[in-house]
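Below are the structure tokens for one structure; questions will follow.
As written, the chains take the letters A, B, C and D, and residue 1 is the first residue of each chain.
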């Protein structure tokens, strides 16, 4: 096996001159304030070893990466019945497109575009007040990462609430099609809080380790989902995890993954390791510029691509 | 390792009562004449063993599966420059949609939808008369499969020529955007002939073995593409190989693959084996109904899913 | 000149057996309660004569017909600058389509589709609290019709508020594009109240008489808009007044007009008369079934079509 | 009545400094060669008087204006049954959009967008060889204008044939939906020849006079269509005659009309006169820049707008 620490170190060293590249997401005012000159990586292997480089311990806003955890919760609640509410196909449109939603009568294409994630949130809320649903997600993520220090950044959540008109449009639209059961403000309240989860690369890699390890976290012994469900979530991440850049990410990196506009990318090498990379500057399709490059280098140097070594 | 022959035999036995399920593609008159009661599978492992079940030696019209071979040829000719002519993202629309083509100014989303495959064919034709381009593809496929008996079914090609108005529309449309260099009739002449390649499951699995084996065919010793290119073609098959059912195939089967309306499905277990399944009846999204089920069973019983075992 | 009362009487008589045809709009619960067996017409000529037939004095919910009055108010406030906020082209889509809004970056196609009318309402609200804007519209319509008894039906307004998710989506979406300045709830509060204006055919024909009479109401002597603006509002009604049935209405009736889901249709014979017809049952494209037929008969018998006699 | 010759003279004088404005259509090579510094107008009143200004006797390529004559022919052949093949609603998209055609399953929105005109041409061809259909149209237009000197410019027709890929796409696409009966090359052969009709403003105004005069040409005594059909063709021109600038033309000019990329505009003042204006430079939406301005001035100075004086 490759010396993982050496691989991470070499990637970090090679990319150091490029730290600060890309454009910070500015549509959420609170996120726009972040220092762009940060870059970290963490890898946790299925035998429980942890490797890090750079700012791997700095918490950041995981944003859409939270959709993976919320999807896991929703599948736990309603099982495969979830797919009546949301599809499983790549979207072929920008991440917040409302066009497809109209053509497909209020059923979002997949759980990783905004509309789909909002529908998933609505499913998780069944029988809960908004505050309880937020609490449930936070407890779940802490349990996955085995780390009680993980928090939600209320300022970021409020910042999104104030500007998230497009998400209001998506949710109202789905409610018009009866694909949202709860009041739009409640669903988005929960949604904006889940996006505001604040985690470091290391926490993220630990929390998602179950997806690399047949559904169970080998570091805590917790069984989270069945091996089959872990595979399926990985499949969804590979085909739909990066909005309209999913094909490109599969082509260049070759690992299931999910990105967020906070600059984080979470990825899985099935049977081997979970990975997180973070740098705030985004590339043209809205994924972390350095994060995507770092993951491509990591996959190339380890031979971890799911499409062959 | 599992006893592959036993796995194939058990799948064949379990599916035997369902042979004939699905609907035969009827928009190509010549294809509509086929006997629906056929079903075969073939697996070729990277160490050169061949396993078959059912009608694995019966040639059928591989149709869109030929797009994988044409893409390989085009990448060999123009390398990564190909991506100026065609994208790499899932389409999110039906396989022959012209809508997306207009929105994206004549650049098809990926090489596996019809428009994209037609553009790829146009690339391969550079410097060739149509007849020569067809000859080149036939020689290439025979070389890949190490089998000189593979042919093109002229009746099927002619049958498509007579009814392929939508493909004429797609090609004319791309030519309006200057993304087709050759006369539309010539490009479609080649395109319809490539779709009319007639191969058995076993021939198909042999021909595609290089994609499972780091770009080289271990049975012939031929080096076809680099390991990196093999991975990338696999990535494209996984995200885009089944039109608007790609997400579903990844979710249920978890292998890169490409289907054709003739009822064939080709798939790759990277580093392990290449696979072909065939049965003429199609499911609602236009893939072989039994073929898809058989591949899901195979992946489940072998643990070959790229998303974890 | 034709004997108008005789024309109205003959139309009423011929259509009496068909009263009750069509389907009542049921997506606004309060509207769904109406008795379908009602039908009325009113014509007011530019020399101030009033002709009526059937239920011409029964108030009904004018719904989208109110968009004509709100547009007139908005043009009075900001003049031709309004066209930075909304277009002037027919929509080519269903009346509440959000697709076009996305393709055109939050600028609705015209002031008579819902999105456009919501933007127009937002313009009228500048400097006003919602309650004041509603009051201003009510005063304006009373002034136009010279009738202080016109009211807004609060029950209908509330009924829309509770179910108008799609309008919430449209407004939120435009706010995301910064084409709505006020809080979405406020704008829709005003919008739903304007739609809930309750007027009879006779009141409606009187209120809109200025559009037939070079911008001034000859019965009151009030100058409302310039002759040029009256022509332009008529042009907008002709090209955009009936959602995706505008071309059909022009083809069959040949008069500028605006319909509402309450079953009312307002129309103008420039230089001659203003017209209102009402019957609750709607045809397939959402216009009053009997109202449209009655107007076609009226235009045919009077030779009032703007396209020739 | 206004002194029409004085009106035309004043418009011509005021616009003389602007002759040459706009951009010549360059996608048809033969059209791109024209001298941009030309501008003419002709008005023919229903009592048979002819008024002209500028280059009113210079023949130009009428292009899409020919769609009005072909529509008249088709309605004469199949009557209202034509509307099974083509719609009557404004398109809400660019003149050659294929998107709408897909959404509406091969039925073009109206007879004045390219797809619709191609379908209309296909209808006229029933029972004719292409050459005969072209001959029939030429005879019809000569009969309408009472002028045997009108010709078709073969060079222009050939120029379109060589570059009209998008029209090939539209026709192939409709043929895929079985909405084109004849071979695509034949239909487009006729279509390109009809667009290549070469007429002067005066010839055009004479040929279209029947639309202003209840369906009959008062100068020749020929009855062409019924008064009802004349009104309906006018209605179609008003709602659909200028592609995605139809609403704007109605707003500013207020007359039914049809434009062509050769820089001509034909318009009708029902009951009063037929009008033609021509100048090769086009505005942003593809209509003659000076032609549109001249018609707006004419309508303003004569009070001929159908929406009021």
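Heads up, the rule we're going with is that contacts are C-beta pairs under 8 Å (C-beta built on N, C-alpha and C of every residue); 3 or more make two chains touch, one makes a residue touch a chain.
Nothing here was measured: the structure is a model prediction, and the numbers come from that model.
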Quickly list, by label, the chains bordering both subunit A and subunit B. none
For subunit B and subunit D, what is the smallest step count along a path of chains that touch one another? 1
Compared with subunit C, which chain's mean CA position is the farthest off? B
Distance between the centres, which are taken as Cα means, of subunit D and subunit A, whole angstrom: 56
Using mean C-alpha positions as chain centres, tell me how far subunit C is from subunit D in Å, no decimals. 32
So, in whole Å, the Cα centroid of subunit A is separated from that of subunit C by 48
Multi-partner residues of subunit C (each touching 2 or more other chains): none
A full list of chain pairs that touch reads A-B, A-C, B-D, C-D
Contacts from subunit C onto subunit A in the complex sit at residues 97-99, 101-103, 165-166, 168-173, 175-176, 184
Please name which positions on subunit D make contact with subunit C in the complex. 87-93, 100, 109-110, 211-212, 214, 227, 230-232, 234-236, 238-240, 244-248, 250-251, 254, 256, 270-271, 305-309
